[in-house]
């Protein structure tokens, strides 16, 4: 569904992605794990065209999307739930969700359909229904994450890109959110998940890629990665250890 | 000898010496008038000693403004206020000091008095700028822009309305203050104009050297760090707001100095050069010449002064029936175009293109020498 | 800096104390001139009228600033254009009754000014959208003086006249309420300002486009990720600001004898009002405008009329020194965050 071929992305002179290639098939949950600064968020931003790659190509359902604008990418059905939620804090929960469907609505989509979608999201995250009239900034971190995911869902995307949804959340909440993501996959959503919490990510995803300093170092099914020695030591053991170890068999 | 060659390797110093040489040469031509002509004849009446003095005075003001806009990154839209304060303080205390404030005649007649007043004016401007600037410079850029704009207009109104008091005995309202004495050092009067020319350029060159020194000093490095990234500078322990306030105060001091020089040059002051239009002209000069560049000051002043002359003489022909200050249309367009295409101003923009051109030349020779078929 | 309980109590008393002191000074100065309640009421009425104009100009500032992060120095130019274009259209030959002619010239003026605002945004703001705030300020200053200079060229330096809305002539109908003189145009000004404010409130609260603009103001990146196009929002913001500017220029034109240079003063006062309000939302703009109008008028009334502008700009500087976030703003929005870009 989504195919990334050899992209390199720069911030000014700094190269954040070095010849990255990967793919996501329909209905899958694929996870990208790695330490801070490995380039995971940059990868999502390159797909979303926020920071377009300097070289390489990105294909979505066969069509090349590398040079599209941000809103065109959204229009193709690729929706990013950004890092740290980034909800519209001064707008209500209701308005946040409504704006998730902005592209559809401003292009002539029906309000009624959007309301129906909102109902589904309230089913998935009941707490949002309770808080629907409150400004999004008054919600807790976990609720904001649910809101951000809900907002992403409102665009009726074909693939959902999530940037570190577990960031700053208590483990219980993380499990709840990941359970919701699992449910979404069950409804047919394709998900690409960038995560620092490798254990939770590998628990949810079918396949995963391990990134370090802008490159893909490892890839495989979640089970194989979970039993991989290097991965275990670097990401699944003590999570505060710096993963780059010289002489660890590279 | 090595130091001297290193001196010349530094383009700033080399340029400064070159400018000094040009100034001295032009001054000599005026005074000595070899074969009986002066510079005005040489340049077809465009460049006169009067023009050169004005360029020097405005350069003093502009160096300050460039430091504020270029290094503190703040727009000062009312800088003419400090220019005006210097001018009016000098004017009032040297021409009306006795009648207004009872300064004794003997003090008024002494040669030290105008200098004392000049420095007092600078002190006042500096303090005012610091007091207002320190809290406001903590805020985002546009706050200072509007604060200085408001301040500028307030000061202008005060000049025009005789400080809010009935009559015109303080600032002279629309007519201003006249009868300002010339500057003297002991018995030596800094007049006629050829003497003032050397004085003005002495100050201007000195201020430029000071500015260049400042930029290369520790303070200057801190300023450049602030200019580059305020967050980084703050993280490194630079008190960003304090530095900006100091630069703003320095800018005010230099503007005040320029104003006093202007007062003693014209022997009379009136409110109109210190209106919003005056501040605007300073901003245009600064933007065109180059915000973060000391050289931008003389260049910017010269370019705009000549542009003004050119427009005044040509416009009357082009748009018959046009009256008033139409040059502001060109100022506006100039500002827009420069800010979009050459935001660092002409001096830095030109230097960058020069360096890029040089670098390309070097790369090409390297490729042609070392490249394979 | 943690304050003790007593210190906190003093601090919360500071604002009311200053207000009381100010009122005392005003009453004292007024007593010197033997002012009675009628004079004060007159000052208040006139101040509120001017304040309404400042409020609408301020709304234009606030909208542009919130959506695009740009301080639009050229806002005053739109005010001037609104008034002058209305004059020009009104002077044209039209086969309408005087009332209709007025309405048509008003509509044409608003449309033309909005068009100019759109052009300004596309030609000068959009190409410079990644520039530093300093550059953007200078650009909008450049736009302002260019427009003012062209206005001088087109209309000359003289003042023009525009008929009052009630009588459709120069002389306006005047109401006397308990000795307070209120020109009919004042009611037009209040009425139109109120309608505009209500409409803006509806627009931003209830319509999708309004919400999208607010989203852009709150979090530009997230807005893009939802498909909102920043350049469209920027364009819309400028269009609204120029329309608001034009309306304010038009409704004050009958009282003001418009000329090419009214933009600077009005624009700047509008900005002062926006700052007092907090640059946060149009409500703040209205509060700021009314407060500015009141304070400036009363202060000038009890001292010297020519000092009016000095009071207005002193209020600006005092606000920036002591309460930069204005009435409604949060402290952190005003304080320098350093290096924060809106790109």
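In order of appearance the chains are A, B and C, and numbering begins at 1 in each one.
Criterion: contacts are C-beta pairs under 8 Å (C-beta built on N, C-alpha and C of every residue); 3 or more make two chains touch, one makes a residue touch a chain.
Just so it is clear, the model here is predicted, and its values are computed rather than measured.
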item: Required steps from chain A to chain B (each step between touching chains, minimum); value: 2
item: Chain whose Cα mean lies nearest the overall Cα mean; value: C
item: Furthest chain, CA centroid comparison against chain B; value: A
item: Pair exhibiting more inter-chain C-beta contacts, B-C or A-C; value: B-C
item: Distance between the centres, which are taken as Cα means, of chain B and chain A, whole angstrom; value: 54
item: Inter-chain centre distance, chain B versus chain C - centres from mean C-alpha coordinates, in Å; value: 33
item: Distance from the mean Cα position of chain C to that of chain A, given in whole angstrom; value: 43
item: Shared-contact residues (touching 2 or more other chains) in chain C; value: none
item: Chain A - residues contacting chain C, complex; value: 48, 50, 70-71, 74-75, 79-80, 82, 86-91, 95, 98-100, 102-103, 105-106, 151, 155
item: Parts of chain C lying in touch with chain B, wherever the complex brings them together; value: 71, 124, 127-128, 131-135, 137-139, 141-150, 152-153, 156-157, 264, 268, 271-272, 275, 304, 306-307, 309-310, 313-314, 316-317, 320-321, 324, 334-339
item: Chain B residues within the chain C interface of the complex; value: 69, 73-75, 77, 132, 135-143, 145-147, 149-151, 153-154, 157-158, 161, 164, 229-232, 234, 240-241, 276, 280, 283, 287, 291, 319, 322-336, 339-340, 343
item: Residues of chain C defined as touching chain A within the complex; value: 208-209, 211-212, 214-215, 218-219, 221-229
